[in-house]
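Multiple structures follow.
Same chain, two partners: chain A is paired with chain B first, then with chain C.
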Partner chain A sequence: MAQDAYFDIDQRVRNTLARVFHLSAAEIGGDLRMGHSPFWDSMGHMQLLIELEKEFSLTFPTYEIAELLSTEAIIKTVEKYVQDRLPG
Partner chain B sequence: MPAFANLKVPIPPELIDEFLAKLPYVSESLQDFELLPEQRNCVRFNLLPGYELDAQVIADRISEVAQKMCQAYRPSASKVLVSSQGAVTYRLDPHPFLEAQGDLFKYGSGRYGLGPKSLWLLEFFDRRLSRLARQFSAAPHQYPNMIGADTLDRCKYFQSFPHSLSLVLHLREDLEALKAFAKNARWDGSRLSCARENLSDVQCLLAPAVCFHCYAWLHDSQLDEPRAITAVGKCFRYESSNLTGLERLWDFTMREIIFVGPKDYVLSQRRKAIDEAVLILDEWGLAYDIRSATDPFFIEEYSAQVAFQSGFDLKYEIQALLPYKDKTLAVGSFNHHQDFFGRSFNIKTASGEPVHTGCAAFGLERLVLAFLAQHGLDPHNWPEAVAREAGD
Partner chain C sequence: MDLLRNSISGIDFLFLIPVLVCIAASALVGLLPKLRSRYGLLTISLLATVGVYRRAILGYVLINLVTYLFVLGLDRIPSSSQLQRQHRWRWSIAAMLVLVFVFLAGRYYQLETRPVSLGVTLFYFSLNMWALLRLITLLWEFGSGRVAKPSPLAFVTWLALPFTLIGPILRYSQFAQQLPLMYGPQRTEGIDSKEWWRKLFWATGQISLGLLLSGFQISLAGSANSLSRWEKVAISFSLTPWSFYLLWAGYFKFMEGLAMFWGLSLPPSFNRPFGRRNLSEFWANWNMTATSVFRDYFFYNRWGLAKVHLYLNTLIVFLMVGVWHGLNGYWVLWGLLHGIGFCAYLWYRTNKQRFAIWQHKILDAPLRLAAPLATYLYVCSCWFLPPTILKLIR
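Entry: the complex of A and B
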């Protein structure tokens, strides 16, 4: 169950990246980083975070904005929030 | 009779000044306004006579400003790097005294001339900041007051700060247009009255900052090593009814020290500039903080830009005390633009990455005002380091 939830987070993060930065499925497979896509600039970064916040119903604090610079970092952070929300 | 704009969200206390500073741009018919203090979710406003029927439209626009500034707004505590009490010996507003003794003259809203004493201080401060620039081996440059629209477009300035632009026009190259202008143009008491069809398109604007010229100069280049550059220049930022004496000028003077190179270089130079600036501000006996800050972005991108700037620690400001207002005024800033200008102007490091850029910027008229507001106009009461030079 928990493993499914984690898989789901990975895919949902990648889908959000694809939607915000107009990327294909192949392009979101690896560890994309800020600056690698022309759309992932400062405004793109904030747009991505806003979409991720909507997708996972959470709010990233300001200090975390500068840490969410890659797919892997985003997935780990979102997993942390979801883990904190799980009962028990 | 006043009208009211009910806001869907209360304005957070730390956003009130910035919100109110945006409202003059809502409509030319807006005469005055205030945010009702208790709930912070209602603006009372008056319109100029003859515009009363626009009240609902204006209320909707005010509401839109509030909503766009507050949506996705993330509160974050201001980081204070340095705080100094200085040696404040004065509490009066220096403006009327400067005007009375011929050291300040108002030409119009946001446009002031300086007389001998205030100009001496401005040049004294600039000489000291030029010495600071030499500590960074910054190459001196001079730039034009005008800047190409193409350059500002590359800086995405039109999207971020449309409200503060100052466009430059000339008359069209057309004999009939020139003759018609010469015959009919006149000052009508509030504006230059002339036919708009005789005016040119816009190719240039008055420069809103000094450092943009530097990036345009370096466009499409690869730097063998990091560079520091310094320049003093006129800057122009229209601020509508927010323009207030030397506190907020339309036309002001800025000394910048600009850093171009790899990220580590730019960040280390910015840190060093902060440390050195502290020594200078203490020499001048000023009371100030150096704290994290954000730029006054236009409403469309406000929340996102502010959050990004805060999250990445991109801006610190020197906030000097104005004792006569019991408020502070930004007299300088230390900025890191990441690789934004490196990408926008295709400037690369020796290893082929887009350069990072940063700058230390000092508003000279504001420094003069803060100094006089804290120490008064009599050089005998000035801190030793300044009084000594003034006596020479």
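Entry: the complex of A and C
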């Protein structure tokens, strides 16, 4: 069950990346990093942040925004906040 | 020949002091292996700092000491729970604001020029643009929990590093990662390689050319009244940007090469910024260590609002960059012009589809060529236009 939830986060993060940076399904696999897509620059990063916050209904602390520079880092951070929100 | 003589006479040779200090610092470590120790490097760093700051050393020590004491105080706040971490973060934000306020007050009241006599004449206040950014990165990284409390030795070595005294920015996290390597056996790896010599050669060339161009510009400024408006425009769009770029790109590259003697890897600062297709690309390649601090801390920020506002953030960041350069109308306008340009590009990028009608095989090539030229002209205009605008306002 927990694994499903994590898979869900992984997939939702990747889908958000694909939507914001106009990437195909093949391109969003693996660990995509800032700069890999021409759209993922500082402006694109903020657009991604807005979409991620909408997607997961969360607010990243300011100091963490500059750390979310790869798919892996984003997934890890989102998982951390989603887990914090779970009851118990 | 006269042109060359005039250019040389206009050069500000004080710029070479930090260069010479850093050459001496690296040569000492290269020639005397015994100095490659914690206290050896610390001693050279302190001597280099005195050499660069000279009479402002008292002010430089004071501001850094106060900041370090604050970090020690901040460390007393426990950080095991989310609430405690937030508490520490808020205190570090407050400290950053105080630091910015002190920096601005120092500029406004020109505190850096007020001496105190202690046998020798010293200045009790010194917080230049690079020292401010460096301390802000420390407060940010420590307050957010990214780095642990620096030891006094690590802190002093970091703030007194000869290669970063007047830029570029080496964040404390980047420095702390490399600290063990500075005393390790691999510290001089890469020195004497073909690439290293090429880097130093280019950097020296850039500095020399930058100095000559700035000297030429200064000699021309002496006869500014006899220059026509178009000659002034030509200088602003050619000499001014290139002399500044070559000088500082060369200086930072030179520092990167020299820092390798200490086993340090400095992040790159300039990556051919002129000729980029838009303002976003220009800023991503211009003075990168400083720009990245503004981007990471102030552009990636929600400013206490529930939603991120890209246009607002853009204007805030460029106004801050402007004021960082100088607390006067010129730099505020410079920041505003860049902010407006960046917002326009942001708007264009978000609404690119509307311009699909312009995409045409015949038009594409000229547009591709026009984009770097337009970006270059806009960047130069931001340096050139503020005095004219200020005159119009007054």
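By our rule, the second predicted complex is superposed on the first by the 88 of 88 C-alpha atoms of A that agree within 3 Å, B and C clash if a C-alpha of one lies under 4 Å from a C-alpha of the other, contacts with A are read in each partner's own complex, and residues count from 1 in each chain.
Just so we're on the same page, a residue touches a chain if its C-beta (ideal position, glycine included) is under 8 Å from a C-beta of that chain, and two chains touch if they have at least 3 such contacts.
Being a predicted model, the structure only gives us computed values, none of them experimental.
K.L.:
With both complexes superposed on chain A, which partner does A:41 reach: first (chain B), second (chain C), both or neither?
P.N.:
both
K.L.:
Going by the contact rule set out at the top, does A:63 touch chain B (first), chain C (second), both, or neither?
P.N.:
After superposition on chain A, A:63 lies in contact with both partners, chain B and chain C.
K.L.:
After overlaying the two complexes on chain A, where does the chain B footprint on chain A coincide with the chain C footprint?
P.N.:
Residues 41-43, 45-47, 49-50, 59, 61-66 of chain A touch both chain B and chain C.
K.L.:
Residues of chain B touching chain A in their complex?
P.N.:
Within the complex, chain B contacts chain A at residues 72, 74-76, 301, 303-305, 307-308, 310-313, 338-340, 343.
K.L.:
Using the touch definition up top, name the residues of chain A that touch chain B in the complex.
P.N.:
35, 41-43, 45-47, 49-50, 59-66
K.L.:
Within the complex, which stretch of chain C touches chain A?
P.N.:
82, 89, 140, 143-144, 146, 280-281, 284, 295-297, 299-302, 306-308, 310, 313, 346, 349
K.L.:
Okay, in this complex, where on chain A does chain C touch?
P.N.:
It is residues 41-43, 45-47, 49-50, 59, 61-66, 84 of chain A that touch chain C.
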